[in-house]
Structure formats: structure tokens, C-alpha cells
Amino acid sequence: MTLQLVLVVAAALFCVGLYGALSQQVIVMVMMGLELMLNGVILAVGAFWWFLAPNPDGLLLLLVVIAAMTVEMAMGFAIATLLHRSKETDMTDMATELSG
Amino acid sequence: MTGEGMNQAWVLLAPVLLGAIALAGAALNGALAARAEGRPALSGSARPMLEVVRLMRQRRRVTVAADRLLWRIGGMALLVIALLKTAVIPFGPWILADIPVGLVWFNAMDVMVWAAIWLMGWGANSAHALAGGYRFLAQAASYELPLMFALVTPAVAAQSLRVSEIVDAQQSLWFVVWMPVAFLVFCASVLAFSAWGPFATAASGDIAGGILTEVSGVDRLLILAGRYALLATGAAFAVALFLGGGAGPLLPEWFWTLVKTLAVLAVFIVVSRRFSGVRPDRLAEVAWVIGLPIMLLQTLVVSIIVAVRG
Amino acid sequence: MGLRESAARRAVQVTHVLVVEVPGWGLTRMRVESELARRGWTLATSPADADVLLVCGSPGQQLDAACSQLWSQLPGPRARASVVSADDVVPTFTRLTAELLDEAAQQLDANTRSREPVSASGDSVMAQPVAHSEHGSDEHAMPMDMPTHESMDMDMDMDMDMDMPMPGGIPLASGGPDRDGLEMDVLHVPLGPVLPNWPAGLVVRCALQGDVIVHAEVGFMSAAAGSLGVGLAGAGSFRSVEDERRRAVIRLSDAAVNVLALSGWSSAAGRARRIRDDVASGTALIDVATRIESLAARVKRSLLLRWGLKGIVADAASGAQRIGYGEAQSAHARLVEWLDEAGRSARDTAHSYDPPDFPELEPKSLQLIAGLVTGTDVASARLIIASLALDTSLLAASGDVHS
Amino acid sequence: MLSIIIFSALAIVAVVSGIAVFRVDSMARATYALAVSFVAVGVMLLMFDLDYIGVITILMMVMEMAIMAIYMIMFMGMNPALMPMSMVHNNRWSAILATGTFLLLAGGAVLVPWPARSGSVGTEDLTMALGEALMGSKMLVMLTVSPILFATIVAALVLANPRGRYDRWGDNLQRATPDDPQQGGLGK
């Protein structure tokens, strides 16, 4: 198991997520794409920590990534709910028409 | 036998013991039900074994347009989760995997129950089953946070997430004595994540059995057995966290663990019968407005005591 | 072979029975339930749970069709029987046991029945199991709303093209605004005619969003024409005062069983059921009076039950009043009242007895039930209906009622 | 050697289930495929001795996906059936962009001369060390993250909740019990 191998896997996860986030129409699916990208980031940070600098301070970065993920999730759900309520849409395309 | 050898034997023994404890719980429940119906209690205690035979003989069934993959995963998951929980529960001197974050592991496994029960409800493609799945998630959203703090409190006192160290920290004084709220919240949560007793609305009769509506045969057996197994692991973990693990006079540690586990399990089953159902929509407000703050207060008090004692 | 047989013999000791009560055969159903308890058998909650389908009474056409549907949902080994009079109960049970033990016949049954997936009991225990294909009637027209197309409403008539996506032949749910201002799927789910602790023959066809009933229509499946059961409390030409009391206690405790069971308190429901069965089997009333009173005290003491039933009132602009109740009362108050009344009736030794009022049900008052449950969730709706203690035997002769 | 095999198996599970998220036909399967991907990554983290972070990832993500599944079904309106669906736009460009990014990142990962490992995993309890870092030298991180999380809770509730207290308690807040569509357990 080498750093390169882990990073390639992380890059694959990140890019699958990127594809999803770019191509999906439904907000919740876009969020799933973002989650998958962050999944890749978590793996990459974990690998950097383990292979380059295994000291406790590095772990803080991981915690921050996880916290960012929860924020993304909570706000995503809130906005999706709001859009659903006000415009009866769950599509990103329709949400771009911002006029009420 | 050496300690090392015994620990290896424990790998094989643990699932068997889990099954035996779960079966004892089911037998007690059967005996109580039989006595309440005016039949001899002894005949009721044989009931779980007879039910096993009946369900093994019964055919499985599939509903139209069921999501079979997810349905079967959900059905099997409860037993698997219970086994995975067993890995971090010390039984006297033996423990399968004394990982440094055993407590978090237990918590992660009971979150798996969220997914398992919802998948059971979803997979069947039946309105009643789905309603059961939703009821459980609503209930889970109420109990999970108080449960997390109830788990954290003993860890704060023992200054470790390793379950064996939490047990060792109680040699002088059991945690239940100075964190009774955490103990009660934990016990209630065990009933809740096992969908048992007052918290069994996900599988209750008013929606024709909820998550159980469409399952028969072996699938049903796995779910019912899984619930008892979860109850048993919950009891065993309560013993490790709050009741001093294997601490006790004269007799060996494993004996005390077993006795305490069975006693806690018996209390779960006896007490559950005295309560009516708790509806998830009612529980939510109480859990968040009363349960969580009280639990936080308990954690705070324990933290202060620990900090003052140094 | 010996192993199979001994397994079968063990399995039938804990047979689960799905009991279908035809309106008018309440007493037979109670007799069946007491026999179940005596044998250690269990009431099934759904067809998947059942080994035996037991029909109490002679069902009318619709109910009969529903029973056939249920029968096809039993996983097997399975047996089916119907009992009409209370005297038939014990022989029927003996026959059912033999049928379940008959390996050859069960094997044959398994080989000859369809291997197709069964329809879920949530949406198929319905009035006309084949309604969709028989008549594309207006009541089953469902507007469809495909997620990819903006509000493409169309009527889901069955004569429409089959190229609409219908996985497993099930049309997708349609959307509708819900009470929180979110558009949510509407599922059409019938409650009844066969559910645990449910009034015989009643069908409430619900449009559900989540588990909230947004629209309800009430139907009724009656007994076969010309056959009449004896109702929940029994009817006879000559009634002594003692009989009246006995009937009242049976009726009241049966109503209490339903509310207690639906509130998730199975042990209290079991106590109420034992009281009912003992009275029905001839135990002296004075002997059960203490038990009724202690149960009533237990129920009154339970704060959890009071809390769980709080706010569950059959009201909806006093629809309950028109069904026959004096005033809107919470399910909890009604439960306590029933138990108190049962206790009084059992103690009472006066020479005259005025039985408690239960609503006289008429076909047209059935529709009021729809108003009572609309806007509540399924759990509350079940409790509200149970707290009405409907005696559908009064409608048994009126024929099927379509919603 | 064994660790490479286990890691590769987990990597395949993680990536394949990640792809499945956008390929399967049902909302529930998509959501739980993502959960499987996260669990696989969580187990990989366990392989790096990141006990706490690994288990926490599994815990959080399974919980989040259980909730996510409900949102998916609520917003997208699907029967519990396997419903063929395609909800993609500019599929081609997304795929090209994603592939390009992958080549770039993977190329970088392989070609960059990574420095040698500095420091080593101590024998001390990592979780304890992490906690001490959080509450000690690196407290600023915690001090930043906590108000952000709290603000998120408030903001999300404000956005998602359609009913203010005047809707619930009346215009003059005069009602004794709130007028809710579903009664809560306390009547507050």
C-alpha cells in the first residue's frame, strides 16, 4: 500500500463525485455528488497524514473536512426544502430562475 | 487453558452465548405472555423454540415490485449488527476486539439499525411497512442524541473510549451510582433501538405489523431474532458501562457479567410489559426539550466531578 | 421424514391465525380468540404472519373476494376454514391442525399455487381486488406527475397506454400539496376490512401523504344476504337482566381491548380480553368485578397512556355526535368510562339494568367517519375509530356500501 | 501484502458503489450505495490507524444517508419500485471534465515526488492526543468550527421552517397551546 495508490483511489472517488455534481439535475443528487467528492478528500487527507506526517495535529484537518460536510448537508437540505416549498421544484435548472 | 487460548475460543463462543442470552430473553417474554393468558408459564418459555421451528417451516414470500436486494439486506442486518456489537463487549476477562474506540464502535453499530429498519420498511413495497420504517426513523432521531451523551458520560469518567478501561475505572464505584440519568437514558435507548416494548411502534399492530407486515418464514425469523439479539447486546453493554462489568465478590468475573446481563435483560422485558406504546411524534418533543438537556446536565456534572478530582 | 413430521407437530403448537370477522359475528370471533389463547396460538397481524385464515361468519360477495385475496397472500403451509356458530370453533381448530400437519397436501398446495410475487397487503386488501382491470372507474383515476416533466397531469385510466412507466404494474404515486406546504406523494391505501382490532367489514380508503390521511372514503362489506350473526353483544328473544349485564360487560371490555391494543399496551389488552372471555364463557360477573376494577385502576394510573392518548378525540365538528355519541370525548376518557361502566355492571345486583348506550350505526353515518379521520395520522385514526366502538353488525343486513 | 489486497478490495467497493450512485434506478439504492462508499472509506481510514475518525465517518455517514433517503423520496416522488430514471443534463461535458480532472489528479499523485515520512505514530492513544490538540494548542479550530455549526443549525431551521411563532401561538401569542398540524408531546 503506497501513498500513490491511495491517492489514485481518492482521485477516482473525487471525480466520480464531480461528474455527479455536474451532471445531475436534482438538488439532492447534486448534494450526493458533493458528498462523494468530500469522501475522496477525506481519504486523501487520511493518506497524507499516514504516509507523510503522522502526528495528532494533522487529524484536525480531517475533522474540519467532516464538519464542512455536515454544514454542506444541512444547508443543502434546508435550501432544497425551501425551494420545494416555494417553487415546487427540485431541479437545479428551475431554481436558477430566481424571480419569484 | 491460557488466557490467550481462551480469548481465541471466545471468538467462537461469543456468538453462541449471544444467541443463548437472546433466547433466554425470548423465553422469559414467552413465559410472561403465557402466564398473562392463563396458561402455564413453562409452556410459554418453550414458545420461542417452537416459533423458530414454525418460521423455518414457513415459506418466504416476495411482494410485487419489492426491492428484494435492499429488503433482504435490511432483514439480515439486525443480527449482523448485534454480532458486530458483541465484538467490543467484554465478557469477564475476554473481549473479541478491545479497540481504543470501542464505545464509538458500539454507537456506530446502533446507527446502522436506522438503515436496517428503514430498508426493511422500504424494500417490501407496502404502505404499512414503509410507515413502520418512517416511524422508526422518527423515533431514532429522538433517541440518538440523548443516547450519544449517555455513552459519552462513562467515557468522560473513565477518561477512555476503550470499553475495558471503562470497566476497570468502576472497580471502586459503579458508574450507575453517580450517573443514574445516563444509565436510564441508555436503557431506554436500548429498548428504542431494538424497536422493543413501548418503542415498538415501527412494528405495531395498528399498521398490521409495520416493518413485519410482509415478511414471513426465515426472513421474519432473522428480524425477530435480531431484535432479541440487539436487546441482549444492549443489556450486556449496560453492564460494562454502568454496572461494573465483571466486578463482584468471590465468583469469577465471567459469571458476574453473565448474571448481571441476564438480570438487566429480564428487567428490560418485564418492565416493557408495563408500558403502553410511545408514539414517535410525541416522543420527539419530549426527547429534545427535556431528555437532551437533562442528559447534557448529567454529562456536565460528571465532567465537573472528574475535573475537580483531577 | 420423521424429522419433518416432528417439526410440523411442534410448529402447529404456535399457529398464527388471521381472523376475519364478518359483520354480525363478533361473538364467534371472541369465541375464536379465547380458544386461540387457550391453545397458545396467536392472532396474526397480517397475511404474511399467518398460517391459518379463519373466517367468522358467512361473508358477502365483496368480503368473500377480499378473503380470497388474503388467502393468496398467506405464505404457507396454510389452512383455511370458516366458522359460523360458536359451537363449531373447537372442531374447526382440530381440523385445521390436521390440515396443517398433512405434509402431502401442503406440498401439493405449494406446487400448484402461483409462484408470482404476491401483492402487498397494504394496497391489496381492498374492496375489489381487481378493480383496476375491471372498470377504469372515476374513483380510481389518479393524476400522474412525472418528475422529469413539469406537471404532466393525466388520468390514470386503465384503458390508457401501458407504456407509462409502471414498475410491477403499479402506477407511480401522484403528488399533491401537503399540510406543511410541501408537495408530496399521495398513496392510496385502504384500511380494512381485515386489520387487527378493526371494526368488522369497515373499509376506509385513504389517500395518504406520509402517514397523514388527506382524504378518506368509507365503505362497508356486509355479510352474505339472508345470513345473520348475533352481533357483538348477542341478541336473543328473551333477555334476563343478568344476560343484559353480561352482554354489556362483554361489549365494553371488547371495546377496551381494541383501544388498549392499538395504544401499544398488549399486556393490558390481554387482561381485558381475558375478562371478556371469562364473562362470555359463564364466569359469574361478581367474580370478575374485582379484576375489571383493578384493570380500570391500572389504566387510570398510567400516565404514559394518558399522555399517548392525549388530544386523540373523535370530534371534527362533532361528527361523533351525529354518529351517536353525546359529546366529543377523548379516546382516553372513553376507555376509562367503559372500564368503569363494566365494573359497575359486574357489581350491580339491582333487578333492572339499563345497558350503556353505544351508537346505533346507520349506513349514512358511516360517511361521517371519513370526516373524523381526515387530517390525522394513521395511528390516531385507528384510535379514533376504535374509540367509537362501532358495532357494524347493525349494518350487516344493509348490503355492501360503496364509497 | 495482505493489507494491499484488503485495501484494493475496499477501494473497488468504494469506487464502484460511488459510480452506482449515479447509475442505479432507485433513490433508495442510490443513497445507500453512497453509504456503502463511505463505509468502505471509513474502513480504509481504520487501516491507517485512524480509529476514531474512521468509526466516526461510518457513524455519521450511515446516519446521514438514512436521513438523505427520506429527502430523496420526499422530493423526487418515487414509489418503492425500481423506476428507470435519468435526470442528467450536459452529461457529455460532465463526463469529459470529470475524466480530465481524474487524469490530472492521478497523474499528479503518481508523478509528484512525495517527501519521506516525517515523524511517526507514537505509542500514545491517538484519540486522546487529538482531543488534547483540539482543547489545547489547536483550540482555535474548535472555536471556529463550533459557532459555524451552531449558525448552520439556526440558518437551516430558519430556511426550512415555514411557520413562525405567530403562526403557532396566534397573532398576539395568545393561544394556550400551539396550533400545530401534528401535536407534539409537550404542547410547547
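Each chain carries a letter (A, B, C and D) given by its place in the written order, and its residues are counted from 1.
We take it that a contact is a pair of C-beta atoms (placed from the backbone, for glycine too) under 8 Å apart; a residue touches a chain by one contact, two chains touch by 3 or more.
Keep in mind the model is a prediction, meaning the values are calculated, not measured.
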* Structure fact -> Of all chains, the one whose CA centroid lies most distant from that of subunit C is A
* **Chain nearest the overall Cα centroid** => B
* Structure fact -> Rounded to the nearest Å, the gap separating the Cα centres of subunit A and subunit B is 33
* Per the centroid of Cα atoms for each chain, what is the distance between subunit A and subunit C, given in Å? -> 48
* Report the inter-chain centroid distance for subunit B and subunit D in whole angstrom, where each centroid is the mean of the CA atoms. => 26
* Asked: When the centre of a chain is set as the mean of its C-alpha atoms, what distance in Å lies between subunit C and subunit D?
  -> 43
* Which residue numbers or ranges of subunit C touch two or more of the other chains? -> 147, 167-168, 170, 180-182, 307, 377
* Asked: Could you say which residues in subunit A touch two or more other chains, in rising order?
  -> 26, 81, 84-85, 90
* Structure fact -> Residues in subunit D with touches to at least two other chains are numbered 56, 67, 76, 79, 81-82, 87, 126, 162, 182-183, 185
* **subunit C-facing residues of subunit B, complex** => 33-34, 36-39, 43-44, 47, 49-51, 53-54, 56-66, 124-131, 134-135, 198, 200-201, 204-209, 212-217, 220, 273-279, 281-282
* Name, in rising order, each residue of subunit A that touches subunit D in their complex. => 1, 3-20, 22-29, 31-33, 35-36, 39, 42-43, 46-47, 49-57, 59-60, 62-64, 66-67, 69-71, 73-75, 77-82, 84-85, 90-91, 93
* Asked: Where on subunit D does subunit B make contact in their complex?
  -> 26, 28-29, 32, 35, 51-52, 55-56, 58-59, 62-63, 65-67, 69-70, 79-82, 125-128, 182-186, 188
* To do: Using the touch rule from the top, collect the residues of subunit B that touch subunit D in their complex.
  => 65-67, 69-70, 99-101, 104-105, 107-108, 111-112, 114-115, 118-119, 122-126, 130, 134, 137, 140-141, 144, 160-161, 281-286, 289-290
* To do: Give every residue of subunit D touching subunit A within the complex, in rising order.
  => 3-4, 7, 11, 14-15, 18-19, 21-22, 30-31, 34, 37-38, 41, 44-45, 47-50, 53, 56-57, 60, 64, 67-68, 71-72, 75-76, 87-91, 93-95, 97-99, 101-102, 105-106, 109-110, 114-115, 117-121, 126, 129-130, 132-134, 137-138, 141, 145, 148-149, 152-153, 155-157, 159-160, 162
